[in-house]
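Several structures are given next for inspection.
What follows is a pair of complexes built around chain A, which joins chain B in one and chain C in the other.
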Partner chain A sequence: MNRSRSIRSRLILCGLSVISVLQLTGCWDRVEVNDIAIIVGAGIDQVSANQVKLSAEIYIPEESNAETQSGGSKSASGNGKTFVSSASGSSMSEAMYKLQERLSRKLYWGHNDIFVFGQKRAAQGIDDDLDFIMRYVRMRERANVYVAEGRAVDILGINPRLEPNSMEALSELSKTEISTTVDLKQVIERIVETPEETFCVPYLNPGSLLTGESHIRKPNVSYFQGMSIFNKTKMVGWMNNDLTWGYFWITNRIKANTIIAVGHHPHNETVAVQLTNSKTKLVPHITPGGKWIMKIIVRSQGNMMQNTTEIDFMNPKEHAELVELVSEEVQISIKNTMRELQKKIKVDAVDFGNSFRKKYPKQWNNVKTNWNETFQQVQLEFDVQVSIPRPGVLNQTIRQMKGGNH
Partner chain B sequence: MTAAFHSHDQAISPHIDQVRAQMEALLADCSDAAYLECMIGKKVKGFFYYFNGLTNEERLNEIRYDIADWNIDEGSEWLESIAQEVTAFNCSRTDSFTDMMDQMTLGNAILLVDGNDFGYVFSLSEWRKRAIEDPVAESVIRGPREGFTESLDDNIAMLRRRIRKSSLKMKGIEIGEYTKTRVVIGFIEGLAAPELIQEIEERLSAIVIDGVLESGNIEEYIEDQPYSPFPQLISTERPDTVAGNLLEGRAVIFTDHTPFALIAPISLFSLMQSPEDYYQRFMISTFIRWLRYLFFLVALLAPSAYVALLTYHQEMIPSALLLSIAKSRESIPFPALVEAFIMETMFEALREAGVRLPKQVGAAVSIVGALVIGQAATSAGLVSSPMVMVVAITGIASFLLPHYSIGISIRLLRFPIMLMAGMLGLLGLLIGVIGIVIHLSGLRSFGVPYLSPIAPMMVGEWKDVVMRPQGWLSRQRPRLTRSGGGFRKGERRKNVGTSNRRE
Partner chain C sequence: MVQGRISAFQLAILMFQIILSSSVLLMPSISTTLSGKDMWMTPILGSVTGYLTIWLVLKLHHLSPNGSFIKLLVGTFGKWIGLSMSVAFIIFQIHILAITTRDYGEFIVTNFYLKTPIQVIIGAMLLLCAWVVKGGIEVMARTGQIFIPIITFCTLIICILLFPELNPSEILPMFERGVQPIMKGTIVVGGWFCQVTLILFILPLVKDVKVFRKWGYLTVTAITVMMLIANLTVFMLMGESTAFFNYPLFTASRYIAYAEFFEHVEAVVMMVWVLGEFFKISFYYFVIQKGIAETFTVTKPAILVVPVGLLLFTSTFWLARDFRMIGEFISNAGTLYIITGNVIFPFLVYCIARIKRKIGSGQAQNKA
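So, the complex of A and B:
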């Protein structure tokens, strides 16, 4: 009896000490939500030759009924939901260290979904920054990457009207059919896969660049301006929205709901088609004579959206004319983009290399090191078809209906 | 036996005055004991002994007058003639004081006659009982509305009415040195394993205890693992639950003076089933079972998961949600763990107070409780509103389990897991869960693994776990409880009422 009691009390003592040890050792990496500065957007700018500026948009967790303005540093935004804080250093890591010094709370990267690179920094090369970003434990590798025309910090400073912060605004913007999403993972994949480390990243404009000082409204949106093109992790050029449209067609990134509007020439009437689906196929071919040819096959489908021409949708012959008209428009835009890429920027941003590598691995190995030069010589063939099976609610044009009445 | 009980072993004296002295010594200070003097056939002296309130006194008086008119033979034959007359009543003999006292406490009256060295027992027991009412703790929408009462005989009768076969056996046993509570083991011969019945009998008869006031008193003596937080017997006040379990080859233990019967053996999944599952249509019951499994996990893990995510893994919370949680937590002075402990403790206290509350103050307390927990605590900046929500969901979830006993175990286990989650994050939460699973895997209820039919795996019986199968699909009785040949009566359902059948 006595012995069993002493064993039991010894067991209890053991249990207690285990519990207290757990409590002593545990909790060391406990971080309360109250102690973190949640970063909802990061910008990286080049300030001088070897100085990089890291800006972070930080969420201000403040009850909505409390009206106190607790703007941290530089640009406290209108309704005080976020603020932007910046610090410079010789590298990203040093800049972050300095940024941390200015804040009472621990920088928290776990929710940051956007990285915006300033134009200068992008031209200088972003591989050092990518190393830091990908290596740091808390970073999201699915965060979207952007390049800003001008300074990145200006993009972060924008306090959008429709969305709570610029992170939301940008990721929503990327979902629209005129834009696209490129995340860190895709960038890294392209760097690893392509011989010349070529990739494209959405190019943004803070809005203030478009509207002059005289403009009444404060520009508080960032605009999608096209795609910036990187070669060897340095930005070498960019495509404007029109060229980007062609780029989307080639790379099969065109989204449903995209509208193709064509001016029909005699009187510049409009034919507009809203896409429901689209598929682009790249078929590479090398002739025995050593010519590199790329056939771009586009198969799309869309609904008639507007038709102010005299062309009768319901007439099979004239319908073919319509299809021809719209397909032609797509083909032209692809051609324009390819001309820009092959003649001006001279970088394979549309990933032809990958298609050739898969089909002609031997020939590819020979030109791999100088691929961009071969790319400029690639000849193009087109097979574009945009079918328009549905006329919308109107079968005829209004003018035709009028004619029928008489 | 100690000296105090010595008088019980005395022989009954044939001299009435001596017996009377003996009885009075035994019943000293029993103010509820009563005696009535009577003259049998107006010649022989006798005494009735009984306890007030347990005996039908009206009937006793009738018998007393009757006795006075008996024809008693002269001479030495009169004892014989009394014995003969007595047989007209529901009457038996007793020849020890111990037995006499037992009979009196059961409500019977004892007649002691001058010249006899034994007593007669008249079965006149009658006392006030509660009527059969709705089972309060286990109410159903569809199903029988009667629940067990405190009377053992009524309870057994309710069961016997449901299972009208002589193979429904009821083995009686008496437990409790002072309470001498009647405990009855019920089972269906041929369905329940004989070893199970033997085991239950052995465990019950091994109990040495002063008193049994409720089935809980014996439950803790016969459980396989008394130090487990999980109940290893179901207590129920529903006769249909008992009948259903008997048909599956289980046994029931009735205890006198309590409406709660115990069912053994059980598994964790029997605690998740309500009798109503079998009365509602199978799709609905299956859905409700899944809901229960889901909320079982919610009740166990929701606050811990919240604490773990909020203190260690903020990146796992959707961005927009984290921002709004950060907003509401901004003015809270406590860490999430402390916040959770405050709220959970508060909730448990309110729940307990609600159970014990006198009806008159019930409304006041629930208003104060709702205000304190719901609004005031948030606006005073003590707790954040997401935490209030988590606690509320957890509280509701634990009441979704049809048996109170498993609900309260879950509520208890919540606290250590919360502590683990607060110290080690999701890792701690998982360690806690793994600990519980290990414990459950080792647990047995009367030899049946607690996690059966999941572990050990008996795929054939999963039907009754992952869904509520239609009657004709669940023909096999549970393997671990049945004695053999375990198929239920009945065949595949005939196509009844399908008028569009092709000829």
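So, the complex of A and C:
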């Protein structure tokens, strides 16, 4: 009994070891690092009525080795560590297939952080591309989305001076106060949750403006020129940098370090405040008469950065005047943005709809099918307060000190 | 065969995992589709099914001679009807397990091993499960004691890491679409909770059944809390777009990024999923094997392990041709199917057995 049992277990062991030999062929999904082409940024352009061009900025792995060997002499030639390759097709997936044909390595999307849409593509609508991007398993929801004036391919392959490649430069800049990050997750969320698929993404200057010869970045031009506005997944307009500033205030995207500079009449003196924190709250209200009102409450704090006016920071009465002056400036910029959105672009880019939906679900249900119409009628109320608790290192203006000496 | 005996606490841990393993990953999407912004309420309401099932299972257990459900069926309905009922019940469980196993394979093949044949992934898993089942319930319980806390911890870590990205106001307004959509979602969640019925077969192996009542209810509460955490995290992160994704928690974990280097933690979700499904599949596997052994009074249940494994392997592919068919089944008939088999059927058995017993005892009294 015991013997037959041990023979059986030995047979089973033999069987198992034979089966395990099958596994030695390795994993089906093995991917070696030197078999993949890592995409760091992608651009999507409309080339003709139904042709879309996909451009990918691909990391060159050998470059860094070569550079260390040659002692950095190569970097002066302006050769970036990436190259751009593009292909066209009837859809983004076909374009990707064509793009793959040109490369000896497998395209790898897992590290792609940037999607840039060309202006024409954005105007045509980006929902087809989003379907591919979201469906394809290797994509990352955190990848940032941009729209570029002109062609997207011109944005890729820019050689920035400070960062290793333009995609790095873009994503770093988006984190600062001059722009904002809008990633795929946010875009999808807004498409699902807004009745007319409304969202905003940063709008870039045309690549031709940003670069000079051989793709070297021109130092005097900013990447960003505002925010583009999408409705029904088509780009319908854009806000310039001034209007974008107001947009940031309304949507609570304003970040610390933002500087509010106020030109104070009569002699055009300046009061400048550097923000330390800011919070915007939207309080919707529907009057019994059926008027839709949105109260925009801004509570910010900032430090004095420059003061060339006669106003004394330390004097309580004049301090209030200072606060008033700065708050007024913010309020004006919000007003300007809202005027543009309600009267010209006529799209709820600031997501008022969501606030109303949360507080007044019933009324919202009645208007949501053509919400943008109602949005134009929404009345605004303001409660903006930028407090300035600290004067900075100086407690008086230079002029005041001089005055005191007299 | 060394069947071993386990404690009520060990069974509670296993139960916790077999319900949670697939629900954490799959549920947020389904309940968002059905219940919209109120999806987070569904685990709370759905847990009622869990409590009821625990209550029912314990009642049935007390009714059954030697705690064997099959013997109760035979005793109540006579040999042939009782046996065919138990065969039907086991086939039903095989079907549910086939769906679970297929779901497991589909997730791995969709998101990680795009080129690996699904047969290999499922086969490897079943091989491992067969080994555990052969080892008996005690081995499974001890494995669970080691790994289930790790699984739970990893799931919680993912939710905690997502915390800064969450937007709590996403869940407003409440009751936007009324009560009916919430009920729809609740029934689906009930479909997960009712799988607790499986422990009917394990209870005879539990040393301290008396304290299991407490553990059972506690486990259902713990499951509810975990589901709630997962649902809220995913929904506050992705809002209504949760419904778009097949595996929202996986998508959410991909969104984790800290300081530009702590990224790509989605592999943790895969680990959670594989380990969790391992317990679920082996638990079901064990129950099916035990059920067959009891139905046909097999003296050495261990010889059933390999045949049952082969049956499971093939039935995962008989069941559906592709992802669409499984999805269609789960979202249409699946929930009612599983509730019918796991709650309504045992409940009817319980009622009939009680009535029969009452009549029986009444007759006995009359005779006396």
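We adopt the following convention: the second predicted complex is superposed on the first by the 352 of 406 C-alpha atoms of A that agree within 3 Å, B and C clash if a C-alpha of one lies under 4 Å from a C-alpha of the other, contacts with A are read in each partner's own complex, and residues count from 1 in each chain.
FYI, a residue touches a chain if its C-beta (ideal position, glycine included) is under 8 Å from a C-beta of that chain, and two chains touch if they have at least 3 such contacts.
Predicted model only: the values in this text are computed from it and were never measured.
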{"item": "Chain B versus chain C as contact partner of A:V137, first or second or both or neither", "value": "second"}
{"item": "Which superposed partner A:N34 touches (first chain B, second chain C, both, neither)", "value": "first"}
{"item": "Chain B versus chain C as contact partner of A:P61, first or second or both or neither", "value": "first"}
{"item": "Dominant contact partner of chain A by residue count, chain C or chain B", "value": "B"}
{"item": "First, second, both or neither for A:G110, with chain B first and chain C second", "value": "both"}
{"item": "On chain A, positions contacted by chain B and by chain C", "value": "27, 29, 110, 140"}
{"item": "Complex contacts: residues of chain B adjacent to chain A", "value": "310-312, 314-315, 319-320, 322-323, 325-332, 335-336, 422-424, 428"}
{"item": "Residues of chain C defined as touching chain A within the complex", "value": "110-117, 120, 169, 172-173, 176, 237-241, 243-244, 251, 254-255, 257, 263-264"}
{"item": "Footprint of chain C on chain A - complex, ascending", "value": "27-29, 110, 134, 137, 140-142, 185, 188-189, 191-193, 357-359, 361"}
{"item": "Chain A - residues contacting chain B, complex", "value": "22-23, 26-27, 29-34, 36, 38, 40, 59, 61-64, 108, 110-111, 113, 138, 140, 164, 167-168"}
